[in-house]
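Each of the next two complexes has chain A plus one more chain, namely chain B in the first and chain C in the second.
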Partner chain A sequence: MSQTIPLSQPSSNPRKIPSVVFFEHVGELVAQYGADPLLKQLNELYSKYKFMEAQLQRSKQVLKAKLPDITNALEMVEYLQSTQEEIKVDFQLSDCIWTKAEIPQTPSVALWLGANVMLEYPHEEAIDLLRKNLANAESALESTDEDLKFLKEQITTSEVNLSRVYNYTVISRQGK
Partner chain B sequence: MELESLNPQQLGIVKEQLDEEVEGLTNSFANLRHAVTKYKASKIALENIDQREILVPLTASLYVPGRIINPNQFMVEIGTGYYVEKTRAQSSEFCTRKMNMLMENMDKISKMINQKKRYLDLVQEIMRKKIQEFQASQR
Partner chain C sequence: MAAPSLDILKEDQVRINKYSYLNMQNHEVQRELKINEEKVNALQDALDELEIAMESEVRIMIGESFVLCSEENALSRLEKLRDVKKEELNRLRAQAEISQKEMNALKTYLYAKFGSSINLEED
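This part shows the complex of A and B:
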């Protein structure tokens, strides 16, 4: 049975992503665990980081798309709250059809919360909710960016580890 | 093209080319079908509009109760960024025309796809024959 080689360690990352251990002496590591299990586990760790990176990239795209929508909705509700008369709008009926509608003064608006749920809120509450959503989305985007930067470092260190071990095995084989 | 004169390697290249073409055409077909569905949905929306109170979408997640001012007047996007005011009948007719044009293109593409697939089968058949001949000559 192969033993688990300590290739990663807990890090200071707020999302608890482990960081890669950088080995000073590759030779000792190869001698202790054997080149093949070492390379295999290094590769596994590397793929895990890559996979996580792809995941975070995807969620970053989603967040980036949501942000302008929340900002627009917030502005609209604030405008609706401030205006005293009914307003006329052009809205999208379907992909290529738009039509005019008039919106009378209402005390409340309806927000689509997702998953077939829509709730009606008075202006104040809607503004609060949208502000909170906006803040959450912005901080989620920030932490995703932070994680991506951290992951990039770990991926580079993993690649360095992999090539050092590989080169060491090649050299030691040539030496024999 | 004289397929019989090509060796298995060249046939392989022809096969790959054909595979790519079929994939591209199938994608275009799917896109056209998607567009047809959208126009169909637009038509249905047009027919269901009247003067009742509706929830007007102001953004993708914000809706407000309101009323359509003129259920007979619509703005149709006839191209990227070009909008024309049309009556309900005209808009519906526009959607139908667009749908028909797209479906005609879909037919053309599906004919091309079938043609390429038949060609692909032919190439694979000849490849098989060549490989068999080559193996037979080795024995």
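This part shows the complex of A and C:
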């Protein structure tokens, strides 16, 4: 019959990730719950944290990849807004194929919103929208970073807990 | 009977966690630093080439396309970009130095307290 050892607790993390319980004296814990159940549950908790960390790292990469798209679009729209005459560009038609275009003075631009939807906006609105998207992406990145920092703490504490319990069992076995 | 090194104070755990976090952050800062340095060098090269070339009109990269514009425009845009990137570079370098100092201090303390029971090296 295994009992759930209280190894984690609710935390103040905004995404409700539980935090690891820290215990000062390993001996008491081992005496209360037994080394094997302790090690098993500590390992489970540790794997859960590692899994979450991998997930967050992946979503961080995705977010980071999105940022250049937004900044490139913003750069171009701001430039279009600043020029008073038509501009000549070389743009990428397809992979390895570039072509020239003359862009006359236009009051609006079309922004790709995803899901096969493109919307036309006057320059100002386009810039506002892009800036908002950029701010959202950056703040999502920030919260992911915050969570990763929190997770790192829990993972380090879990690793230390694991090694302390293990060392304790080794030493107490040697003592016998 | 628990060996003394198995009982850890909460504040020491906090120190270990801090070291671990600083280490992770330092890796990221180093990566960003490298990217940023390359960017600054590329911008500086572009500026140098621009001066040598002495064309009246050049193509400058905006977003993902190349826009034809006058040399002065290109020059001022590139200079602004380079200065912005240089500032970022300095900020990153300062951050790296601060975390490096903190990490060294933590390392000294933790090694002094735990000796060989703890390993803080990169593997």
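Just so we're on the same page, the second predicted complex is superposed on the first by the 175 of 176 C-alpha atoms of A that agree within 3 Å, B and C clash if a C-alpha of one lies under 4 Å from a C-alpha of the other, contacts with A are read in each partner's own complex, and residues count from 1 in each chain.
The rule we apply is simple: a residue touches a chain if its C-beta (ideal position, glycine included) is under 8 Å from a C-beta of that chain, and two chains touch if they have at least 3 such contacts.
This structure is a prediction, so every number in the text was calculated from the model and none was measured.
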Touch check for A:K152: first (chain B), second (chain C), both, or neither?
-> second
Just chain B (first), just chain C (second), both, or neither: which does A:W112 touch?
-> first
Taking the superposition as given, does A:K88 touch the first partner, chain B, the second, chain C, both, or neither?
-> both
Considering only the touch criterion stated at the top, classify A:C96 as touching first (chain B), second (chain C), both, or neither.
-> first
When the two structures are overlaid on chain A, which partner does A:A73 contact: first (chain B), second (chain C), both, or neither?
-> both
Between chain B (first) and chain C (second), which does A:P104 come into contact with in this model arrangement: first, second, both, or neither?
-> first
Considering only touches as defined above, state whether A:V170 meets chain B (first), chain C (second), both or neither.
-> neither
Find the residues of chain A that appear in the contact set with chain B and again in the contact set with chain C.
-> 72-73, 76, 88-92, 98
Quick one: which bits of chain B touch chain A in the complex? Just the residue numbers, please.
-> 38-39, 41-42, 45-46, 49, 54-70, 73-78, 83, 91, 95
Within the complex, chain C is touched by chain A residues 22, 24-27, 72-73, 75-76, 79, 87-92, 98, 148-149, 152-153, 155-157, 160, 164, 167-168, 171, 175
Within the complex, which stretch of chain C touches chain A?
-> 1-3, 6-10, 13, 16-17, 20-21, 24, 59, 62-69
Where on chain A does chain B make contact in their complex?
-> 69-70, 72-73, 76-77, 80, 88-104, 106, 109-113, 118
